[in-house]
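Pasting a structure here, questions to come.
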């Protein structure tokens, strides 16, 4: 039987970010799409917008799990927008949805997602983000993607 | 700018269903895909599997918002599987994710989704399902889809 | 060992209600407290405020599971206020928290809670509310409370 | 008008813990109750059981927001047991329910709660726990409680 499932990687980071973080996120999105993976994220701006932009450039699927009740809060590169109305409790869904997690920059919200992903024994690769035991400190987008996909 | 968003319709119903309900669901999936809409559902069997099967037949996108923590509980026609770990509280997410809701058969779980969708002023079309004020009693899959997409 | 647990009954209904519904809710709260039960509800106004008022009059415990992020949205008779930030998805928590559910009046939100409670095989007693198979149509607050506590 | 609200402090930590952590948690519970505060926690064992035990010793209120669907998973010192069925997503509710958070030991689940509490600008005091910027490193249960209640 034909297999329809699209494997996803969670990409997390701040709703605002530096140009350097945005460039890393866009490259991560491109690489994941080239490897046949979709991206699931929080659907907002900053790192989330950049990774969705990169994923779309290479024809990949983008899913945004939004905190609010209105799908218009999604960034324009989100293909599948899911307005949960759960607020920050939706972070748990983002952390769980991917086969692994790539964290880029980010604040306390990102830290909560890293923590839950590690609790659920997901692989977590970090680029200029929180230095938590269990997070693989990746040297580049290529390194981060290779670490996640080597599971 | 290019528009990437894929509009979704929520399709709800029992995890087990009659052959007649499955046929209705499969047809609803085909019609939604033909109109350029993806399907979001609870990701399990019965009506959920049938609608995903029909959507895939016409090249549409299928999203399954799962109650459990493991994406292997998704039916094989789900493309985007989101294991929420929220149990039945995930019903709220299914009801909210679509521009409207089509209900086919179903028990108390389906009733909870109909109620939330009506609370949020979504259009709800019903095929052999709960007779609740506010639900449009559709005569066929074509009628149900036309009602939802006429918003 | 001393037993600390306080048994709870879920009481659900509209955030606005008629004087008759408020009187029924207040009486339900009084009766539950007299039987040693606390009340768990959505924490807002209308039926929720009236049942908390009655419960407090007889020295019972009141728990409000709020949709928003701020406990100041609780009615003044809520003792334990839990601001969930989950929106209407918090209805699932209200329906699950009691040993049974008493529904008084109410709209679509109340219907969603009735449906989930029945799905979880909780007893549900109704006073001038939705006529759904499985809901016991109680003739009075006394009758509703007796039905729930006879489990 | 009489004021019924019981102020709560969130106490978080591992479901298993060392005897030293249990002693700290029990003392925190005693102190909070003496100051007129109730405790809200995840309702399970370890730090959660110890803090509920201490709170009960001084006549305080204990609330357990449980991950599963069955209130029998609560520790015996929980007075108000709320089985959410949300899994680890319930951590967000624990972090939000108190006026502040006291963390004792703990693993990744505790880290996720610390992160969310800081995101929501709650005061967080830590006793032998994660060293995250924004967490007050308390020297004793007395110091931790004083820090939280000085808001």
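As written, the chain order gives the labels A, B, C and D, with residue 1 at the start of each chain.
FYI, a residue touches a chain if its C-beta (ideal position, glycine included) is under 8 Å from a C-beta of that chain, and two chains touch if they have at least 3 such contacts.
These figures come from a predicted structure and were not determined experimentally.
Engineer: When the contacting C-beta pairs are counted for A-C and for A-D, which pair yields the higher total?
Structural biologist: It is A-D, judged by the count of C-beta pairs in contact.
Engineer: If you average the Cα atoms per chain, which one ends up farthest from subunit A?
Structural biologist: C
Engineer: Could you work out how far the Cα centre of subunit A sits from that of subunit D, in whole Å?
Structural biologist: 30
Engineer: Report the inter-centroid distance (CA atoms only) between subunit C and subunit D in whole Å.
Structural biologist: Distance between chain centres: 26 Å.
Engineer: Distance between subunit A and subunit C based on Cα centroids, please, to the nearest Å.
Structural biologist: 40
Engineer: Check each residue of subunit C and list the ones that touch at least two other chains.
Structural biologist: 69, 84-89, 92-93, 120
Engineer: Sort out for me which residues of subunit D touch subunit A in the complex.
Structural biologist: Touching subunit A: residues 86-89, 91-93, 107-109, 111-113, 115-116, 118-120, 132, 134 of subunit D.
Engineer: Hey, which residues of subunit A end up touching subunit B in the complex?
Structural biologist: So the residues of subunit A touching subunit B come out as 1, 3-6, 8, 38, 40, 56, 61-63, 65, 69, 71, 74, 76-86, 92-93, 96-97, 120.
Engineer: What residues of subunit B sit close enough to touch subunit D in their complex?
Structural biologist: Residues of subunit B touching subunit D: 69, 84-89.
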